[in-house]
Structure formats: C-alpha cells, structure tokens
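First chain A sits with chain B, and in the next complex the same chain sits with chain C.
What follows is the complex of A and B.
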C-alpha cells in the first residue's frame, strides 16, 4: 500500500529546476533512499514532502490524503536534520516533549513516551542534559528520538549521519535500519553516500539533475544500473564503449574501435548496436599467467597501484581503455608491468548507447 | 635580554632594562579614561556630598528629593514604560520580519532602520509638530472622527514623551533583536514546525528564548538611553513633572547650582548603574563562560 506518493512534483528556483516532474511511490513500512550527487534535488524533494518548500507543480499524498497545500505542522511528519537542529535552550527532555505538549497530550503520557524513545535510542538518563553537553552521535540520536516521539506517519531523514565521524556513521547506519524495522515506520532517507544507501534501504531512488534516473532495490541498482550515470555513481565502474558485431544463440560479440573483442550474454542485443560495458573492479580477475584459449582474457598494463591496507587499488591500461581492479594485498605491481586479466561475460554490465 | 621572558624589554638611557613598555603603551588610553570619565564622575559625587561651605553634607540630596522626588519617579516611570512597550513592539516586528519573506516585511525592515540614524533633537522637533494640539496626529484623529479638534489630545506629557521614545527606540531594539534572530539557522524553525508548532509557538518557545541574552542587552541599553536622554523631554514635556535630565540642566543653567545637579546625577547613576551591572555581568558571562 503506498504511504507516500509524489505525482509530477516540480520545484524551480529561478531558472534552475531543482526537482523535475518527479513521480515516486514509497510503500508502507519501507525505507526508501533518495541518492544522488550534490544539487540533484534529493533534499529539495524531501523538503517538499515535509512542506518546507512549496511546489511549483504536482501533488503529494500521504496515504489517501493529499497534503500538497498543508503546512508542515499539519502533515504529521517526523524530520531529522543534517545539523540535528536541537533547540539549544531546551534540555533533552524538553526537546522531546515540546511536540507532545503542543498536541495537548497528558503530562504522564508525555513522560512515558519520552522515556520510551530515549530507551530506544539508548539515551536513558540523559533527560536533563542540554544539547551542548552531548556528543555528535548522542545529539543525532536525540534528533531521531524527537522525530519518533510523535509517532509520525512518515519519517524523513536528511543526511543525518553526514556530521559524524566514519566509524560512528557506520554504526549508526545499522542502528537506524534496525529501529526503522522494529517500529515498522515508513521512512525516506536522503544521502549522497552510496554505502549508506546500500546498507539502509529497501529501495533506492537515484536522482540526477532533479530527475529520477533509476528506482530499485540496492541489488538491482548495483548489479543492473540503468545507465552510465548510475553505474558510475553507485560503486566503481570502468567503461568501455563498443558495438555489437555478431549475435549468436546465447552470446553476442562486441568490438571496440581499437579492435578488442568481448563475448557477453546476448540479452536483447542486435547487430550494429552501440553499447557501453561497465566493469566493476571486483569483476576483473587477474590470472597467474597466459590464458590459453580463454575468451575475454586480455593482457593489460599496470598504470599505477595504491596500497589500501586490505587491498591494492590498481589501474590497468587495456587498449585505449582504463580499468580499475582490486588486488589482494601482497606484492604491489609496478607501473608498466603486464598482467593477464579475465572479464567473466556474465559479470559484465551492458548499458545501451 | 633574558630568553623566554614574555615581557617586552627595552634598553634604557642609562643602560638599564626597562620592562614597562606595555604599561607605557596603555598609558594614553588609561589617562584619557581617568581625565575624561573617572575624574568628572568622582568630582560630581564628591560635589553632591558637599555644602556651600565645602563641608560634608547630605543637604543636596535632601533638596534633590524634596524638590525633584516626583521627577525622579517620573524618569523611572518613563524609562520603564518606554523600554517595556518598545521592547514588546520590537520583538513582534523583528519576529515578523524574520519569519516572513513578504514585500511588506522587507519594507518594514528598511523603514524601521530610519529612526536609528536620526538624532534625538530631530526626533524631538518632529514630535513637537506631530503631537501638538493642532498637530498632524490630532488633525488626523479629528478627520477620522475620533477626536474633537476643539478639545484635542494633550500629548506634551508622559504620553507624548513615551511615544517619542517608542518612535526612536523601537527601531534600535528591532535592529538588535533582528540581528540575533537572523543568526538562528532556519532548521531550528523547521524542526519546530515539523513537530506541530505554529507561528506563535515558534516565536515564544523557540526564537525568543534562543536570543534571550541579545534581548536583555537591547533592553538594558534602551533603558539607559531613555533615562539619560535630555533633548526629547526638554522639548516635549511642558511643565511638571519632567525628567531628571531636564532638572539637572535647569539647576545648572538658572541657579548655577552644581551640587544639587550632581546629587540628581547620582540618582541617575544609581538607576542606570543597576542596569549596567546586569549588562556587564551578562556580557562577561557570555564572553568568558560562553552562556
């Protein structure tokens, strides 16, 4: 059942279109991530849903109710801000109880609810502290608790982890995911961090220049990117442009302009079609020596290699193309060294055009 | 020169080491304060306790209270009234300007700054023609049928004086309060709206408490300005009661009586001093302790 529905949502700032005719549905109980580079319109979309930004065109529905023209205070939405936005003159308890007081909930119930959400975010006993007396991670948890205390219809999170250090950010991803599952709350999460999106989301909506580029599960987005932008934005990819020269029963042959041949699953390819091959670093297999008759095996020259601790990031020259791969730590290949590599046909991502 | 010494050392004429250069650098500023502020201040206090023969006495205070007690209370009354009303008006105006992006808000924002730059003497002159029995205000009210022009509102009294102070001080407080409000990130307001706060809740529960120190400072400065302003009461208030500043001028100009004038000045110091101590404590607390 759709919990949030966006129909042709458009928002312009002067001549710039921040969100361009966006259609999107978020199902009940799922966590959907809006992912994209800076300026792609993800935060504007979230702010439109919250009511902080007035749409130029389109409609927003929460359940069956259209909320397009409702002010934020009447939308029953929880919002977690990037900078937490905890009111500094209020204690944790006052921050959490403010919204409940406005709804004229009895004092005793307010106390119970505040205790409940504080225990959910593991901050029991911190009621009397002021935000300045809390660490960044604790402040982030209070911000989350403040949004949850109201038991909103939808929880919106605008890059809530971006101000935390890398280790805490990683921990918090799982905590937010776990909390969302426990409560079964519908959530929309904005981030530009692909790892965060992959860990947290039931589905990911990839945005670029205000438009929805691809919508799917993390696996779908990663394994079958709809276009070169998605393949490049989610995970690392190297790109090779080629043309279909031969179509067989199950396989097709691609040829690049510098004469390299690749065998790939046929799919819906037709002869003469231009395609882009996206190659993930983890799908480049380095062979111990000459490949014999193995198809899709090539000699590639090491351009440079960087030691990353748990792996070696290696850039290879294959014809006129550059491929990126990750090697196990060990001997770091020297620039100019020639390696035999194998690109498994079923792992190659084919992007039309 | 010793290594590691933080003091600045200079070779003296006699070859000795002079280590007081920092103090010499401070001397002009300290001397200026001593001569221009501390000395006259101390002198006026001493003079207020001196009788005609030069002996120590409370006679000046007795005279000040018996002749001008009503005016001292009047000054306090005007200062409290003017500060209170202009603060309330300013808070409303500044909140409106902060929360609205309408043309009206921008217009009010621009207009409200005009008053800050007008000197009190100009404001007083304007108020004299505006508040006069047949001035613009009475004519306007008469045209609206609210006042009989043959018995117009008499405004050269506490009402007119307070109005004049409001006209001059409201823009000043609005300016300071708005500066404080504009520093507040929009997300604090949006966070309040997202939990169901309406405009009045946002103003009263979020914005104003967040800038309490700024408001306190604006209130103190305004109160002190109103208490110590001479021109406006001198030109607006006809007869008694009037403010202490007018009494001081009167005492000096017509009687050459600096002793009673000084005693009246001490009353002003006390009134302003209470607020000044509060102001200093507040600013020191903010600057040193950060809250």
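What follows is the complex of A and C.
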C-alpha cells in the first residue's frame, strides 16, 4: 500500500531546477533512501514532503490524503534534522512533550509516552538535561525520540548522522534501522553516504540533478546499476568503453579501441552497440601466473598501491584503461610490476552507451 | 616574595585605574550636583548641600537657587520614550523577522534606508522636516516629538532585532512546525524565548536613545515640549549644578537596565544556540 506518493514534483530556485518532475512511491512500513551527491535535490524533496518548501508543480499524497497545500503542522510527519534542531531553552522532557501538549493529550499519557520513547533510544533518566549537556549522539537520539513520540504517519530523516563521528555513525545506522523495523514506521532517509544507504534501506532512490536515476533494492542498485553515474556513485567502479563485435548464442565479445577483447553474457546486446563495462574492485581476480588460454585474462601493470590495513588498494593499467582493485594484504606490489588478472564474465557490469 | 608583592601592587593599581575610569566622570557629576559654592582654585567645593537636588525634585522653591522642578520634563521624557519604544519595537520585531528570514527584494537597500537618519547630519534633516510637521500640526506637540524619536530610533530596533532573529537556526522553527505548532505558536514558544536577549538589548538601545535624544526634540518640540535633555542643554553652560542633577537622573534608567539585562541573559541556554 502506498504511504507516500509524489507525482511530478517540481521545485525551482530561480533558474535552477532543484527537483525535476519526480515521481516516487514509498510503501507502508519500508525505509526508502534518497541518495545522491550534494545538490541532487534529495533534501529539497524531503523538505517538500515535510511542507517546509512549497512545490512549483506536482502533488504529494500521504496515504489517501493529498497534502500538497497543507502547512507542515497539519501533515502529521516526524522530521529529524542534520543539526538535531533541539530547542536549547527546553529540557529533554520539554522537547519531547511539546508536540504532545499541542495535541491536547492528557498529562499522564504524555509522561508515559515520553518515558517510552526515551527508553527506546536508551536515554531514560535524561529528562531534565538541557540539550547542550548531551553529547552529539545523545542529542540526535533525542531528536529521533521527539519525532517518534508523536507516532507520525511518516518519519523523514535529513542526513541525521552526518554530524557524528565515524564510529558512532556506524552504530546509529543499525539503531535507526532496528527502531524503524520494530515500530513498523514508514521512513524516508536522505543521505549522500552510499554505505549508509546500503545498510539502512529497503529501497534506494538514486537522484542526480533533480531527477530519479534509479530505484531499487540495495542489491539491485549495487549489482545492476542503471548507468555510469550510479555505477560510479555507489561503490567503486572502473570504466572501460567498448563496442560489441560478435554476438554468439550465450556470450558476446566486446572490443575496445586499443584492441582488448572481453567475453560477457549476451543479454540484449546487439552487434556494433557501444557499451561501457563497469568493473568493481572486488571482482578483479589476481592470478598466480600466466593464464594459458583463459578468456578475459590480461596482463596489467601496477600504477600504484596503497596499504589500507585490511587490504591493499591497487591501481592497475590495462591497455589505456585504469582498473582499481583490492588485494589481500601481505604482498604489496611495487609500481611497474606486471600482474596477471582475470575478470569473471558474469561479474562484469554492462551499461549501454 | 618579591614577585608576589609586585603582582599585588600591579593588580591594585590596575583596579584603581579601572575604578577611576568608570566612576571618575560620574563622581565629578555627583560632586557638581551637591556643590553650592565652588570657585577656582579650590579642588573641592567650599560649600556643599542638597539645595539643587531639593529644588530639582520639587521639594523646595528658593529663588536664589537656579533650578526648577524637573518632574514635568521627566514625565514628558518618560512618556515620549516609552511610547516611542513601544511603537518602534512593534514595527521592528516583524520587520526584523522578515528581513532575517525571507528573501525581501532590495533587502540591503531597506536596511540602508533605516541608517539614513543617522548617516546624515541631523540638523538639515530636522530643519527640513519642520515645515512639514508644522503643516500637519505636529510641531510643538508631544506626538510630533514621538514621531521624530521613532525616526531616529528605528535603526537600532530593526538592525539589532534582525541579527537577533538571524542568530536562531531556521531548523528550530521548522522542528516546531513539524511537531504540530502553528506559525503563531512557534513564534511565541520557540522564537521569542530564544530571541529575547537580543530583543531586550534592542529595546534598551531604543529606550536610551529616545530618552537622551536632543536635536530632533529641539527642532520639532520647541517651544512647548520640554524633555530632560532639553532642560539639561539649556542649563549646562552656566549652571553646572542643575545640569549635573539632570545628568544623574538620566543615568538611572541605564543603570536599572544593566541590572535587568544581567538577570535576563541566561548563559545556560544561550550556549545551545550556536551548537
């Protein structure tokens, strides 16, 4: 059942179109991530849903109700801000109870619900603290609790973890995911951090320049990126441009300008078609020695190698193309060294054009 | 032992200097206000007494003492300052909010416009205004003086409230809206408490500016409206005693406001705004 539906949502700032005719549906109980580089329109989209930004065109529905022209306070949404946005002149308790008081809920019930959400975010006993007396992580948990206390129709989160340090950020990802699942709440999560999006989401909507580029589960987005932008933005990819020269029953052969040949699954390839190959670092296999007549095996020269602790990030030169790969730590190849590598056909990502 | 002593002496000297800088000018006023006879080359008055104070406060009438009761002027000053401050702030708070939050066309120009009465020599402006005020029947009236004070004070009202509202992150308002607060309630429950220190500073500035305003009052108010500063200027040349009494009276509201500000500024939540 659709919980949030955007229809041809458009927002312009002067000559810049921040959100360009966006259609999107979020299902009940799922967490959908809007992912993209800064300026892609993800935050504007979220702010449109919240009602902080007025659309130029399009419609927004929450459940059955059209909310396009409703002010934020009538939309029954929860919003978690990047900078927490806790009211500094109120205690934690006052921050959490403000919205409940506005709904004229009896005092006793307010007390209970505040206790309930506080224990959910593991901050029981902090009621009388002021926000500035809390750490960044605690402040963000209060902000989350403030949004959850109202049991909103949909929870909107705008890069809520980007002000936290790396370790805490990683913990909080799971915490948010866990809470969202427990409560079965519908959530839209904005981030530019692809790792965060992959961990958190039921589905990811990749945005670029105000447009929806791809919508799918984390696996779909990672394994079958729709275009070069997605392949480059989510996970690391090296790109090789080629043309289809031969189409067989199950396989096709690609050839690059500099005469390299790749065998790939045939899919829907047509002879003469231009194709970009995206190669993930983890799909480059390093062979012990010369490959004999193995297909898709190449000699590549090490350009440079960087030790990362648990792996070695290695840049290889293959013809005129650069390939990034991850090697196991142990032997760190020297620049100029020649390695035999193998690219498994089924792992290569084919992008038309 | 030696360094300790030197340090103590230095600190003592610094404190004395500070004390002198702050209270020196005021103490001179106090001495003048109680001097009955004080001729050159004496360092201190030969005869002191409260005659000028008593006369100024209307407790006695003695033709030998060159002072009149200040109550009338005090009342006028207070009335003008209170009304002008109230009107200025009623305009400045919405204007400051709009200038801080919305994309107002020609924003810089508008802010500059408020500066104009202060950026030009005041006399030509007021002289120029006098015929207009006369035509409107405002010359020589309290209403006219209030209007001229508003003109002079608006800059402090608008500029300081604008920056007070600007200092509050917009997300704090949006958060209130998202939990169900209307625009109006957000203003009262979130914006106003957080902007209060800035608004108070702005109010104090406006009030003190109005209370001590002279030039505009002189041109527009003469000869029927007499405020404390007018009384002060007219006696300052030849009658230091009476002038000192008025000067001290004019200082009192500022001192009261200092105390008030100390109470209202609550550092514990001011700290949270920047973070």
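Definition applied: the second predicted complex is superposed on the first by the 353 of 353 C-alpha atoms of A that agree within 3 Å, B and C clash if a C-alpha of one lies under 4 Å from a C-alpha of the other, contacts with A are read in each partner's own complex, and residues count from 1 in each chain.
Heads up, the rule we're going with is that a contact is a pair of C-beta atoms (placed from the backbone, for glycine too) under 8 Å apart; a residue touches a chain by one contact, two chains touch by 3 or more.
These numbers were taken from a predicted model, which means no experiment stands behind them.
S.K.: Overlaying the two complexes on chain A, which is it for chain B and chain C: clash or fit?
M.R.: Clash: chain B and chain C overlap once superposed on chain A.
S.K.: On the A-aligned overlay, A:110 touches which partner chain: chain B = first, chain C = second, or both, or neither?
M.R.: It touches nothing on chain B or chain C.
S.K.: Please indicate which partner A:185 is in contact with in the superposed arrangement: first for chain B, second for chain C, both, or neither.
M.R.: Touch status of A:185: no partner.
S.K.: Contacts for A:131 in the overlay, against chain B (first) and chain C (second): which applies, first, second, both or neither?
M.R.: second
S.K.: Applying the touch criterion given at the start, work out whether A:102 contacts chain B, chain C, both or neither, answering first, second, both or neither.
M.R.: Both partners, chain B and chain C.
S.K.: For A:72, is the partner it touches chain B (first), chain C (second), both, or none of the two (neither)?
M.R.: In the superposition, A:72 touches chain B and chain C alike.
S.K.: Is A:81 in contact with chain B, with chain C, with both, or with neither (first, second, both, neither)?
M.R.: both
S.K.: Applying the touch criterion given at the start, work out whether A:89 contacts chain B, chain C, both or neither, answering first, second, both or neither.
M.R.: A:89 contacts both chain B and chain C.
S.K.: After overlaying the two complexes on chain A, where does the chain B footprint on chain A coincide with the chain C footprint?
M.R.: 50-52, 71-73, 77-79, 81, 83, 85-89, 98-99, 102-103, 146-147, 150
S.K.: Flag every residue of chain C that touches chain A in the complex, lowest number first.
M.R.: 169, 171-172, 174-183, 185, 189-190, 193-194, 268-273, 275
S.K.: Which residues, counting only chain A, touch chain B once they are in their complex?
M.R.: 50-52, 71-74, 77-79, 81-83, 85-89, 98-99, 102-103, 146-147, 150
S.K.: Applying the document's contact rule, which stretches of chain A touch chain C when the two form their complex?
M.R.: Residue positions touching the partner: 50-52, 71-73, 76-79, 81, 83, 85-89, 98-99, 102-103, 130-132, 143, 146-147, 150.
S.K.: Enumerate the contact residues on chain B facing chain A in the complex.
M.R.: 185, 187-188, 190-198, 201, 205-206, 209-210, 212
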